[in-house]
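Shared chain: chain A. Partners: chain B in the first complex, chain C in the second.
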Partner chain A sequence: MALTSKDQVAEYVAKQRRRQELLHYLVTFASMIVFTVLAFIAVALRKDINDYLIAFFIVTMAVVQVAFQLYYFMHMKEKDHGFPALFIYGGALVVFVTVLAFVTMIWI
Partner chain B sequence: MSGTENAGLQAIPNPEKATLEGKNKFLGFWFFLGGETVLFGTLFATFLALRDKVASGPSAHELFSLPLTFLSTIILLTSSLTSVFAILAMKDYKAGAMRLWFWITVLLGLAFLGLEIYEFHEYLGEHFGFTTSAFSSAFYTLVGTHGCHVLFGVLWISELMLQSYKKGITTVTAPKYYVAALYWHFIDVVWVFIFTVVYLLGILGG
Partner chain C sequence: MTTHAQSLAVSSQRKGFLHWLWTWITTVDHKKIAILYLFGGGLFFLIGGIEALLIRIQLAVPNNHFLVGSEYNQVMTMHGTTMIFLAAMPLIFAMMNAVIPLQIGARDVAFPFVNALGFWLFFLGGIVLNTSWFFGGAPAGGWTAYTPLATEYLGSGMDFYILGLQLSGAGTLMGAINFLVTIINMRAPGMTFMRMPLFCWTSLVTSALILFAFPPLTVGLFFEFFDHIFHANFFNTANGGNGIIWEHIFWIFGHPEVYILVLPAFGIISEVVATFSKKRLFGYSSMVFATVLIGFLSFMVWVHHMFTVGLGPVANAVFAIATMTIAVPTGIKIFNWLFTMWGGQIHFTTANLFAIGFIPTFVMGGVTGVMLAVPPADAQYHDSYFVVAHFHYVILGGVVFGLLAGVFYWWPKMFGRMLNETLGKITFWFFFLGFHLTFFPQHFLGLMGMPRRYFTYLPGEHFELGNMLSSIGAFGMAVGVIVLLINIVVTTAKGKRAKGDAWGIGRTLEWSIASPAPEYNFAQTPLVKGIDAFWKEKMAGNKKMTPAEPLGDVHMPSPTVIPFLMSLSLTLASFGFIFAANQAGKPHTGGLITAAIGIGLMLLLMLIHSIKDDHGFHIHKEEIMRIEKEAE
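Take a look at the complex of A and B:
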């Protein structure tokens, strides 16, 4: 079908963009499942692999997965998300300092 | 049905941010999520400081099971995707499809809650109560606060969906659906850290 009018072209572009967006969501979801499965497999293999290596690996998997969730599912990659990023990273900074203090300086 | 009642508004793209009120809801909600990050962060910090203090009660690797945690994780992850689909349908002004995806999200949330209640019930049977040890108090506070958030999300989204039968998708209702979906994703973000830090690191025993 030939695209004759301007409206038809705009509609076609919008449709393609939506299809692209849907594909991004599905790829994001598939990657999150993969990260989760890898983390569980790493723990299931705890008898054969160094514990610290597994701990480092699964925490890395969690951080990567959360980044996907924030940037794709919660749209932080889109424009007009400066303040959301400020709020979340501000919160994350407080959390980082708190967790650091609680695991290094507190003795009970 | 209600998908056509908003036909006159088809021209407005991104209805969730079309009005000043919608934009303010969006900003305010992200500010709230920043505060929630700090709330959960401090609970995580407390848990990390107390997770070895099991007194005479059971420890993490004696309690937790990989299959149950995996199932809960997949359920919550999938519900995150279904709420993305709901928002995509909302942007196309397809009220029926939006409701379908949000109702599926609610069902998955309920399934997650059911598993959590089952899990806590099992732990109580193994004499792992709230006051058993510093570890148990920190565990129930952190995971329980997350569970309460899931319950609140289930009630909130259900209420919005009931309202949507009457009001449909407008520039007034769209911001509500949008921030409810953001909330649901945030719950999933917190769970990713819970299954990693509490369950997986607990089973690891490190």
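Take a look at the complex of A and C:
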């Protein structure tokens, strides 16, 4: 099919973009399921693996999933999401420093 | 004229008291909400002030029997709690509501409904707290409500503290979210971030601080709530809880809170000093930078309130240094204000007197702050009158001076009438001198060992002179406040009408429209060409802002009573929980049922609000043209 008019080109581009988008959704959704399964497997293998390693693994999986959720499903990767991103990262930084202070130097 | 414009014109005439009350209860107009905040906050400021006078009467002479024991503790606690949460916070929101949409060239705030809800939650929260006087006594654990004292030993007063602050805290959080979105999304064309008046910047950072600092308070109050009403054990050491955690939670909220209060005051001072020096603010971008930096650092210093808890030398040292670094951006600000005045044409109006009085006063508070930030020294100062002197210098000499400067400066814009300058200057001198007379001697009382939060002292301890001076100063401040009230009444009755550019030397957008601002703020959204947009236009020989759009109909949100009803239902829920609390055993069922009804009503109102379509209304072009002509 030849793309003759401008409208047709625009329509074609939009359609490709939607397909791409859908693909992204499916891939992230599938990988999130895989991560969850992996986390459960890690816990199941508790006898053979170091506990801290498992904890580290699960938390990493969780962080990646949160990122997927925010960027792909809640559209943070798109334009005009600078302020939500700024506030999320600002809040995360403040919380991180607070927790860091507690675990490193404060006796409760 | 269409029917709506007609009904609008009719509603602006007085149709009896009930109708008048109804318009205020249902309003979603930020300018009206500003006035509500001003009078709500003002009312609690007077109540807190009277409590302060009672404290000073008790402490004027040694061994006094005016107000002793638990009664003293109640008055002292309610004074602090009222002043911070119910006076300073809402007065700051009054200024933000009155000015920010006008300064950024917006017709409204982003969420008018949420804005109204925020006000009513604050106000009814304050009422809940104050009803404690009539139901078995007020809270008596200090404004910090340290556990386990507050959760296990102080009785029903603490329920009012917990639920009252929970309500008004929710209101504050909503107000902050509204202003964040307003400032980020609703600036007029050309009003880039780096062209915003500094008050907008400080309010933006303050709102962000509220967004991050109030959730810890909410959670902490919920913990106290469960401990107190359902006998949970978060802070009960005997059952494995930990009271120190409350101190951490409280100060993780509490230190940002003091900057939440003072940053908008910095903003007001920046506006007032620049306007009345007839100069651009010196070092604008460094001011913005300092504001953001202070906001960020304020989350990293909470342990300086806990140096004497014994968290260990490493924690104390790190937090001491973090605390001292805050003095750097604060110093930047002080110098910028001084350089703004340097070589300017200074007008000594009342507003500017408060701003100028603020500078040395706040510096003194900052210096004692850095002294307190030295842990070994703090072991001496902690919980003595030295700390009392420190925080009154920063909060009264900083926040309240800033607010009074703002009230005198923006009063004409809010009400369309000038306050009397002679009376204003009398207020300033009584307040300023009274303030220093009250709090300067307290530094020495503290250094001599007078402990904080004690209801008396003995003769022969050398505390007599300082305390007597302090009490005299307090009454000096009271005279200043009374003169201010007289000023308000007299000028409201027959004061001079304010022009749009009330001081004649206004720099920012709010002065480019009529005083008081019409309901729609800007007939045409202005086009902003630089910092101090209105001044720039005036220098180019224009009387008005260049419009960014043709004149057209203006869309407005319609008034609604739902925010008020929502706040009432949450108030009902609060009282339910308060009366459910039972020190001896299980909570009373009657109270729990009442609380459930309150929460159910709230959910119902939320449902109604989300399914009811409200398209607002339009003010038509002809109507706007008529109003604009009348204003000229």
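In this section, the second predicted complex is superposed on the first by the 96 of 108 C-alpha atoms of A that agree within 3 Å, B and C clash if a C-alpha of one lies under 4 Å from a C-alpha of the other, contacts with A are read in each partner's own complex, and residues count from 1 in each chain.
Note that in this section contacts are C-beta pairs under 8 Å (C-beta built on N, C-alpha and C of every residue); 3 or more make two chains touch, one makes a residue touch a chain.
This structure is a prediction, so every number in the text was calculated from the model and none was measured.
Once the shared chain is lined up, is A:I88 touching chain B (first), chain C (second), both, or neither of them?
The answer is first: A:I88 touches chain B but not chain C.
Taking the superposition as given, does A:Y25 touch the first partner, chain B, the second, chain C, both, or neither?
Only chain B; A:Y25 stays clear of chain C.
Does the superposition put A:A101 against chain B (first), chain C (second), both, or neither?
After superposition on chain A, A:A101 lies in contact with both partners, chain B and chain C.
Go through the superposed model and pick first if A:Q69 touches only chain B, second if only chain C, both, or neither.
In the superposition, A:Q69 touches chain B alone.
Just to be sure I read the superposition right, which of the two partners does A:R46 touch: chain B = first, chain C = second, or both, or neither?
first
Once the structures are superposed on A, label A:V13 by its partner contacts, choosing first (chain B), second (chain C), both or neither.
In the superposed model, A:V13 contacts neither chain B nor chain C.
Going by the contact rule stated at the top, is it chain B or chain C that touches a larger number of residues on chain A?
With both complexes superposed on chain A, more residues of chain A are touched by B.
What is the contact status of A:L38 with respect to chain B (first) and chain C (second): first, second, both, or neither?
In the superposition, A:L38 contacts neither chain B nor chain C.
I'd like to check the shared interface: which positions of chain A are touched by both chain B and chain C across the two complexes?
83, 87, 90-91, 94, 98, 101-102, 106, 108
Please name which positions on chain B make contact with chain A in the complex.
Residue positions touching the partner: 17, 27, 30-31, 33-38, 40-42, 44-46, 48-50, 53, 66, 69-70, 73-74, 77, 80-81, 84-85, 88, 92, 134, 182, 185-186, 188-189, 192-193, 195-197, 200-201, 203-206.
In their complex, what parts of chain A are in touch with chain B?
18, 21-22, 25, 29, 32-33, 36, 39-40, 43-44, 46, 51-52, 54-55, 58-59, 61-62, 65-66, 69-70, 73-74, 80, 83-84, 87-88, 90-92, 94-95, 98-99, 101-103, 106, 108
Per the contact definition, I'd like the list of chain A residues that touch chain C in the complex.
83, 87, 90-91, 94, 97-98, 101-102, 105-108
What part of chain C is in contact with chain A in the complex they form?
Residues 184, 208, 211-212, 242, 244-245, 248, 252, 299-300, 303, 310-312, 314-315, 318 of chain C touch chain A in their complex.
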